[in-house]
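In what follows, chain A forms one complex with chain B and a second complex with chain C.
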Partner chain A sequence: MAETDNYKKTGDPNNYFPVNKSYIKRKKIYNRIAYGFAALAFILGAFPVFHIIYSAFIIGYKYLNWHFISTLPTGFPIGAKGGILNAIVGDLYLVVIASCLAVPLGIGSGLYLSLFGKQRANSIIRLLNELMIGIPSVVWGIMGFYIFSTNAGLGFHFGFSALAGGLTLGFIMTPIVTLLTEQAVHRIPASYIEGALALGATKWQATKSVIVKAAMGGIFTAILLGVLNIIGQTAPLLFTNYYNTGTPTGITGPGGAVGDIAMLIFIYIHEPSRILHYKAEAAVVVLLFFVFTLDIGMRLISWLTVKIFEMF
Partner chain B sequence: MTDINKNNIDNITENNKDEIKIEVKNLNFSYGDYHLLKDINLFFKKNSVCTILGPSGCGKSSFLRTLNRMNDYTEGSKLTGEVLLDGKNIYSKSVDVVELRRNVGMVFQSPNPFPKTIFENVAFGLKIHGIKNKQFIVERVEKCLKYAGLFDEVKDKLHKNAFSLSGGQQQRLCIARAIATNPSVLLMDEPTAYLDPAATATILDLIADFKKFYTIIIVSHNIQQAGRISDYSGFFLDGELIEFSKSGDFFTRPKDKRTENFITNRF
Partner chain C sequence: MLKLKLNHKDDLFKFILSIFVFGIILIFLTVVTVILYYSYPAVSRFGIAFLWTKEWDPPKEIFGAATFIAGTFMVTIIALIFAIPLSLGIGIFLEEYCPKFLKGFFTIIIELLAGIPSVVFGVWGVLTIVPWLRKYIEPFFKSHFSFIPFLQVTENIGYGILAASIVVAFMVVPIIASITKDSLAAVPKITKDGALAMGATRLDVIKDISLPFSYRGIYGGIILGFGRAVGETIAVVLLIGNQAIIPKSIFGVGYTISAVLANTFTFAVISPIYASSEVELALILLLVSLIINIIGRNVLQRVIGGKLSRAQFGGG
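Up next is the complex of A and B:
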């Protein structure tokens, strides 16, 4: 083979380079096979996503209009007429309330873990954190019920409400934000913090003016993934908020419950009404659209923040 | 004071001890059970350049970091002995670590500018010490960039990100950042390790020039460099200070066989 001859001609003519032709042939085949497997895995992984989008769109398309997202549900069974405004507004309430709890708590503990804590204590906290992520959301729901919603015994007696539901979702979101914030800070080169400390910065100064800024992109991703996770939750809401077909009059007590797109899908699918099934699919498209916009929006904000922070 | 220090090569006594910037006394340092630095004793004279030499892993960086207490953050590290800066033990309880680090600047092995603008990198050391006067900050930043020989190259892009600079420029930016707090000591840990020969030469010239303001302690693996710029040279091996002497003697008449082996490249 021509290749083998080339090997012989190069370099020191006395230093023969033994060429294993069959191995070279095989390694190229292995490379193709690995490539094929990776591509197959990607297609299998991506298929459900495209299938969900496609089928939801095909089934729900006739309800996808401005009216659908700008009016409250009416008719009988409720939702047969009108749109899903209650659920969109409700999600806004829930995400804001959950974030009020989870963003400061999660970022705070993430920073603490990566910068201040001692190794032994940290590994325990990290383990607890991972355990919390593994707790089924229905268990969080039951816990949320006893802490926030029940009107008997101890607890806050918020009733089935946005506050009870939002805080419960906040508990689910916190360990996610914590874990991802810690990882984001972990990716920052140690030399940044050393550079700041060596100039006489305190750990807090180094954290707030160098580390947080450098990790900003990752921290935004942490918040984003936390929010995306809770937007899809239904089980915790079953016990703490349930569902409201109208607009809330407050965030606690009677009238404090809100709608929620995931709950709406869950409820509509269980109704023996074809129209509601179609509307549930349309709501899936709306939910996916919000997830998409949120993702793009957060990336944009994160990019802008990084750009702006570079100047200070 | 003088008897315990076998490296008292300048005959420092009670009478002339104000020529001394830093005195290291019986310094021992361990990472957990790993006893790294063993009984280090030496003086650093004011406005001198001293090079610390030694094979990699012998404890040069660790030693340097005991001089501004950067090892405080290494979990499980233990230190005994004293480091006297202007006669005061930096490990005594009353010492303010923030003020210590303002006074003892540090430049790291690989350039580590912050992900900020060139201007903000230099201004950082001023702001964290509570300086708010804009005029003062602008003037100081400009002055330090000039000292670091960088001003002409960056004066039109002070508000660009520091990462847009070349490696050599970034390192000079880090030097400007370190001198912005007006320290009296500069610690440099292989500051030219990742730079090309031209950038290295620029920084070595700077160091030679800086002697009039600062006491400079520089870790190096490059014997030629050490000989060129330093007044004193110390040789570390396995955490021990094998030899410490004036650079002239160090390179021409080493007292210890191991030093001789090292400077003739037998490590």
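Up next is the complex of A and C:
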């Protein structure tokens, strides 16, 4: 009220509205404080990303050389000398086997979801996929053990082997590829597909000549994200393909187990040996290099796809 | 015949694709069936009492999950207590306060956090969080706050519920933060701009417009984060201390369902009932994750549609 009285006294129109200046000041200060807290939360959240890289690098840097990624582990305890070639080769095995299962299955059902099917049935399949993404990886591991690895009872009796581990990882990867393929097809402008169909193309012809080309970037992103997801998995491999310090002799049965970078880290960090802890940190740097390369490659591909779309 | 069909309609194409879809359904049925089938002996032997029996004694064949359920929920709840304010802050910062030209870069940083594998988090916890707790936090609490229940420090070792919770919190943050961000981004811009034009501060806009509009999405994110935290395995195995006791304090050591599976499942398969009890633990995890994800998905569907955020696909 004081300000209105002030207007009556002075006749200054700038003082007409009853503005409580201290109230505004307080609001602005609260806003600043909220800004500060939000920024602090972000810094705290971003801190582990940098600190994980930094601490792994600081401890593991003296092992990071060509020798480390090009030799098999030797010495006592095993791994004290030599590198992690077994794990890199093993990861290659696992990713290839998992992709052989997940890529056709994921792309096929992603295309089905976006091209055919009734609304209701599709929403159920989508629900199943999202549920499978949420299933903890240790549960997948137990399933993989009983389906692929066990030598008693039902199942494929692959033993602890690359095939068993790879297929279990493929099960984890499939729903990811499916959902992202479907989204990639959805992102294509409807006019592309409708144009092809209006010209008399069947859906197969439209897929072959339009959809696959237009959604190529998105499908690649889907596959890369799937690989990114399985490359760091450890829990499923505990029960399906434990670890191998050498190269595998096959992909099933005894001698079929492969090394894996995540598994190697998990085993080394359990050992009561300082040198293996250092090597585990060096392996963390290698694993993070793979993960971040895939992540950034994936982003580049999807960014380029968007750019190419904008050009036309 | 076949050629005619192929030219005329997409029957063959549709048939081939539906085989793939059938494969997906088969995968889902396989995991559910295997877990149900192999847990059946334990379920029929111990019944519902499995959930609140504390003994876990393989030689005597007495199995009960209460200790592990308690450990799992303690880790999950404490992780969420850390993660929720942090990720709300991150979501709000990225969507409302962050300068436009940095937004993309900052979002990528948070999403990179989601891609870091769980074993890497575990190693980071062992070599960073545990020594930090042992050197600074636990002695501090021991000398100042030991009268508060749940905060007593008995063994000053660093490993325990708190170490596991801190690391799990960082693994959950990207999920909740990115879903919060997506929900805040779904608020109509014109409403926010209108409020700003009327002289509201950013804080007023967040408090009175954005959060009331998007709270459902944030709940959905928290639910999905809960689902992720419950099933977290490798990082927890490395940090929780692996002792089958119900912790009396957040600094105590404990055991979670996923940790006991990771540590003992391969030894358990020699005895059918032991293996079956372990699979029943997995059944608990599976059911919790399915229920949580159905709820979370339904909540999110209404806010941000079927959009999946990058952070939902974790790094294992």
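The rule we apply is simple: the second predicted complex is superposed on the first by the 246 of 312 C-alpha atoms of A that agree within 3 Å, B and C clash if a C-alpha of one lies under 4 Å from a C-alpha of the other, contacts with A are read in each partner's own complex, and residues count from 1 in each chain.
Basically, contacts are C-beta pairs under 8 Å (C-beta built on N, C-alpha and C of every residue); 3 or more make two chains touch, one makes a residue touch a chain.
Since the model is a prediction, treat every value here as computed from it, not as a measurement.
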{"item": "Touching partner for A:I301 - first (chain B), second (chain C), both, neither", "value": "neither"}
{"item": "First, second, both or neither for A:T202, with chain B first and chain C second", "value": "both"}
{"item": "First, second, both or neither for A:I275, with chain B first and chain C second", "value": "neither"}
{"item": "Partner chain(s) touched by A:L64 [first = chain B, second = chain C, both, neither]", "value": "neither"}
{"item": "First, second, both or neither for A:L228, with chain B first and chain C second", "value": "second"}
{"item": "Touched partner set for A:V138, first chain B, second chain C, both or neither", "value": "second"}
{"item": "Partner with the higher number of touched chain A residues, chain C or chain B", "value": "C"}
{"item": "Chain B versus chain C as contact partner of A:L238, first or second or both or neither", "value": "second"}
{"item": "Doubly contacted residues of chain A, that is, touched by chain B and again by chain C", "value": "202"}
{"item": "Residue ranges of chain B in contact with chain A within the complex", "value": "68, 70, 73, 75, 97-102, 105-106, 108, 110, 112-117, 120, 124-125, 127-129, 159, 161, 174, 177-178, 181"}
{"item": "For the chain A and chain C complex, residues of the former touching the latter", "value": "27-28, 30-31, 34-35, 37-42, 44-46, 48-49, 51-52, 55-56, 59, 104-105, 107-109, 111-113, 115-117, 125-143, 145-147, 150, 171, 174-176, 178-180, 183, 202-204, 207, 225, 228-235, 238-239, 242, 262, 265-266, 269, 277, 280-281, 284, 287-288, 291-292, 295, 299"}
{"item": "Interface residues, chain A side, partner chain B - complex", "value": "118-119, 189, 191-192, 194-202, 205, 209-210, 213-214, 310-312"}
{"item": "Touching residues on chain C, where the partner in the complex is chain A", "value": "6-10, 12-14, 16-21, 23-25, 27-28, 30-31, 34-35, 38, 85-90, 92-94, 96-98, 106, 108-113, 115-124, 126-128, 170, 173-174, 177, 201-204, 206, 224, 227-228, 230-234, 238, 258, 261-262, 265-266, 269, 278-279, 282, 285-286, 289-290, 292-294, 297, 306, 308, 310, 312-316"}
